[in-house]
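Below are two complexes that have chain A in common, paired first with chain B and then with chain C.
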Partner chain A sequence: MRDVAIIAFAQLPSVRRDVTREEVELVQPVVAAALAQAHLRREDVGFTVSGSCDYLLGRPFSFVMALDAVAPWPPIHESHVEMDGAWALWEAWVRLQAGDIDTALIYAYGKSSLGDLPEVLVQQLDPYVVAPLGADAVGLAALQARALIDAGRVTERGLAELAAARRRQAADNPCAQRRAPRSADELLAEPYQVAPLRAHACPPISDGACAVVLAAGDTARRLVSSPAWIRGIDHRIEPHQLGMRDLTASPSTRLAAERAGALGGRFDLAELHAPFAHQEVILRDALGLDDGVAINPSGGALSANPMMVAGLARLGEAATRLMTGQGRRAVAHATSGPCLQHNLVCVLERDV
Partner chain B sequence: MSAPPDERPPVTVLQAPVRLDYTVTAGHHLSTYLRALADRKIVGGRCPECHKVYLPARGACPTCGVPADAPVEVADQGTVTTFCVIRIPFDAAPFPPPYVAVAILLDGADMPIFHLVRGIEPDAARMGMRVRAVWVPDDQLGPTLASIRWFEATGEPDAPFEAIASHL
Partner chain C sequence: MGANRCAIVGIGQTHHKAKRQDVSIAGLVREAAARALADAELTWKDIDAVVIGKAPDMFEGVMMPELYLADALGAVGKPMLRVHTAGSVGGSTAIAAAHLVMGGVHQRVLTVAFEKQSESDAMWALSPKIPFQPQLTAGAGGYFAPLVRAYIRRSGAPDDVGLQVAVKDRLHALKNPYAHLRIKGIDRAMVADSPMLWDPIRYLETCPSSDGACAMVMTSEAIAAAAPRPPAWVHGLSTRSEPVVFAGRDQVNPQAGRDCARDVYTQAGISDPRRDLACAELYVPFSWFEPMWLENLGFAAPGEGWKLTASGATALGGALPINPSGGVLSSNPIGASGMLRFAEAAMQVRDQAGEHQVDGARRALGHAYGGGSQFFAMWIVGRDRP
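Up next, the complex of A and B:
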């Protein structure tokens, strides 16, 4: 395997509704900032790949609208995944293994504010026997939370305490959306959104974008002083049929973690893509993280959840902390689909 | 043991109506262009690196990757760079065929816009033809390309091919 590192990460502050930025206007600033951090010119990028979803913007080939931001003329090597940008990063990592190029640019953007997000997410369900029920993303997450509470693994107060902790961490993250501190008691006084989930246990609806630069071996060492090396990365998926899954566990996270070398290791911090508070409990268990690991120091997806961006942002947030000396080893995770259906795990490490 | 064959016809129809509503905004750069049309102006954006003028202004110049948005007002007349004659009727057609759709390089711009030319015989449409905008009356102006009803021939001599050669 070729050594590949995250060497730059830039993001826009997440907001509930961004009325001034279209695709290219979301992407251009983060791409420019990430390339500047990496000391790279656009023409030096070997491969460009993005993650986004046309259903969010309600128009086909919306990712083509964003391409101007990466100056695609003269033509560049470019790809796109209709997924969270974390999977675009996976594609770039695989591409870099071929050995003929040394750098890759990954970006992701999402405008969830244009449509009714829970209804839009219904479209990712089985179209024959699940989508017609109209069970939206919050409803399905509530099913999962209920199962976890019934299994005795978490309480509603526990979810409120977890959400309060993420808000405290998000206060230090200028790109987070939910930054006002709230006590667990205050949060518990909220009405249910879909029982047992109150608003604090659900993610905010966010517009945003982020970009990451990957570089291989000596190129990474030459461009930045402390690359965040990808020591392992893997992703696994569970069945589309919700009834076939144990919603209180995440065997796909577990398997991806095993393949990425994330089990049993010592981590300083973890960035877990848990849009719903109870999912963080499931992920922590699947990854076997103990209390010594700082979980979601950025505030996580409970504090800002731009769709298609929040997973890649977990990798970027974790890498940034390593690159700035706030830890030596981190695990980053991204998820996709209802109830943690598809999970990616990445182990990041900084040289001593 | 497998199930016995089912002799009934296959299930071919499943009713699953989907309706999604979106509230779309035009974004900063396109809004600048559309608002100018409401003022009877055509405003593009200049790239600070390659100095090309785009219509509308762009969040990024596709060659340079930086916002191409230094505001530049261009003329409401220009040169036809290419055209086609629509002869087949369809539901969204603005006029009964035949009519002429054109790409027009407005004077001062580096990127053609697309519009219609009226008042000429279809066979008279040609590259290099000089045309000017026919605007709607002031009380019908709005932030839409429909503020320009169509273009008409100015009667000037055709522009030489060299004038449009790098914009085709």
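Up next, the complex of A and C:
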């Protein structure tokens, strides 16, 4: 495979409700910042690809107007995925393998505040036999958390301790949304949202956007001093029907990690896209991460969860830490669908 | 283009209809995919990755349906990508799939595109009320009719060129067993007598709303060597996008379309598309878009496209058959319409198009566009290995 690296990452601070900006206004500043970090002009970008979802905006073709944020004139070589931006990054990485272009711009945005997010996500389920049941995203995650507790792999106190730790880490991240420190005892005093999940074990609802720049080989070395090289990237999907899955495991993460070369190696840090606290336990086990790995130093999706953005932001957060010397090797992960249905794993490495 | 060659070894499509009430969404996509696998003589297990595309999720009312379709498409345990680039999506999806092979990432890729318009109402989904923007209450026809009027004024084309395209594509559709509209006895009088929807576009000059899907299996050169039937080879492929709102845009002859065509011609080593291509499948949802795209794609000089159409050259048996399958005017499962153009081009160079086969077709163009004439996806496929 051709050497490709993340060379820039920019994000907006996540907020519960951004009432002042349309999607194009969310995207434009992060695109401008990422290109500036990469020392690229927009007309030098070989391929542009974005990730977003019409259902969050409640309108068709929402990505069409957002494209204005990259000022696509003269016309650009471009694509869009109706997925988290992490999959847009994968499409860009694939595109760069062809060898005829050297740089790619990826952006993602999500404005969940425009609707009732748990209700919107019901529309993501099998429309004939599951969606009509009306089980929302928090309810399905609670089923998964209950299965994990029943299996003896985590306790409600354990979830609160995990959430408290992420809040401590998020305090250092100006883009995180949930940054006020709370002890596990304080968090356990919250009422259940859907038992066994309390608010602290569920993600915040967020509006946000981020952008990443990829570059290949010598172009990456020329543009920045420490590129975060993608040593492996892969993703795998699981059955949609929850009854066909063991909700306490993530075989798709395991398989993607195997294909990406993420099993058995030593990592300084991991950015895991675990919107719900118990999902971090499942992912950590699937990836075989031990206590020596710093998990979600950014605070993770428990601290900020802009839909369609949070997965790409995990890759960007991990890469930024490597590029700024806070580690040499990282694993980053993104997820899509109910109860971790679809998972992407990326191994990132900085030159010594 | 990439370091590795990409071959299309399997092609399948559904019978397109206004309402496919005999199948679920999963049943629809599986029907096309199973036919593509059968054509390639491969099984679900042989596939390394699945790339799926469709137009807005509101057309069915299912958010990110690839999640629910993973089981039906045999994608479990594999990578699955969902592309959405408006009307051009069927083409962009095929291009994303081809890049997986050309980049050496996977060896055997299944790509599928679909729309099941009967599950919802596309006219509603195309007419959203967006704050601070004028509401587009007339669907796609309301958007594109002014562009057609501008083309007629600019080129001085006679009024009946649109009628001619509408008849020609429906005559082609009578030779295509999968086509949605198969109108016996179609002629100019029938089209001219149909109601005017968006002046100058009459009812029979517009595309239908269809349920349908299309699928292709693409492989590396090594895998294609064992294919049971001759493959189609990718000779060139690209996309171009430009903004919606920009005073410098020429929406009648968009620069993105011209740039995209130039890119694929260069990749394929084509200097004169009219001479070097046997036929083309162009995304023509309203009859007048045939002469407009003939100019945009360099088959005719600006202002001359209608003359090529009027000469009869674009009918089967003519010098440059356009839309031998019957085109979007005869079948329009929106998300799949672009991939159908790409697949029909590949069927031509595989000598697989049955009654609508262009004799001896060696190279063909597949074309798709979307948004406000701003997103373009194209490929050139050939009988010979590039």
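The rule is short, and it goes like this: the second predicted complex is superposed on the first by the 352 of 352 C-alpha atoms of A that agree within 3 Å, B and C clash if a C-alpha of one lies under 4 Å from a C-alpha of the other, contacts with A are read in each partner's own complex, and residues count from 1 in each chain.
Assume a residue touches a chain if its C-beta (ideal position, glycine included) is under 8 Å from a C-beta of that chain, and two chains touch if they have at least 3 such contacts.
Bear in mind the structure is a predicted one, so any value in this text is a computation, not a measurement.
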item	value
Joint occupancy of chain A by chain B and chain C, clash or fit	fit
Partner, of chain C and chain B, that touches more residues belonging to chain A	C
First, second, both or neither for A:73, with chain B first and chain C second	both
Which of chain B and chain C A:115 touches, first, second, both or neither	first
Chain B versus chain C as contact partner of A:44, first or second or both or neither	neither
Which superposed partner A:20 touches (first chain B, second chain C, both, neither)	first
Touched partner set for A:127, first chain B, second chain C, both or neither	both
After the two structures are overlaid on chain A, angle v-u-w for chain B, chain A, chain C in degrees (C-alpha centres, nearest 10)	50
Where chain B and chain C come nearest after superposition, their Cα distance in Å	5
Residues of chain A contacting chain B in one complex and chain C in the other	55, 59, 67-68, 71-73, 120, 123, 127-128, 131
Chain A - residues contacting chain B, complex	19-25, 27-28, 31-32, 42, 55, 57-59, 67-73, 113-116, 119-120, 123, 127-128, 131-132
Chain A residues touching chain C - in the complex, by the definition given at the top	1, 48, 53-55, 59-61, 63-65, 67-68, 71-83, 87, 90-91, 94-100, 120-121, 123-128, 130-131, 234-241, 244, 251-252, 255, 336-338, 341-342
Complex contact set, residues of chain B against chain A	14, 16, 18, 20-31, 58-67
Contact footprint of chain A on chain C as seen in their complex	1-3, 24-25, 55-71, 75-86, 92, 95-96, 99-100, 102-105, 119, 125-126, 128, 130, 238-246, 248, 254-256, 259-260, 371-372, 374-375
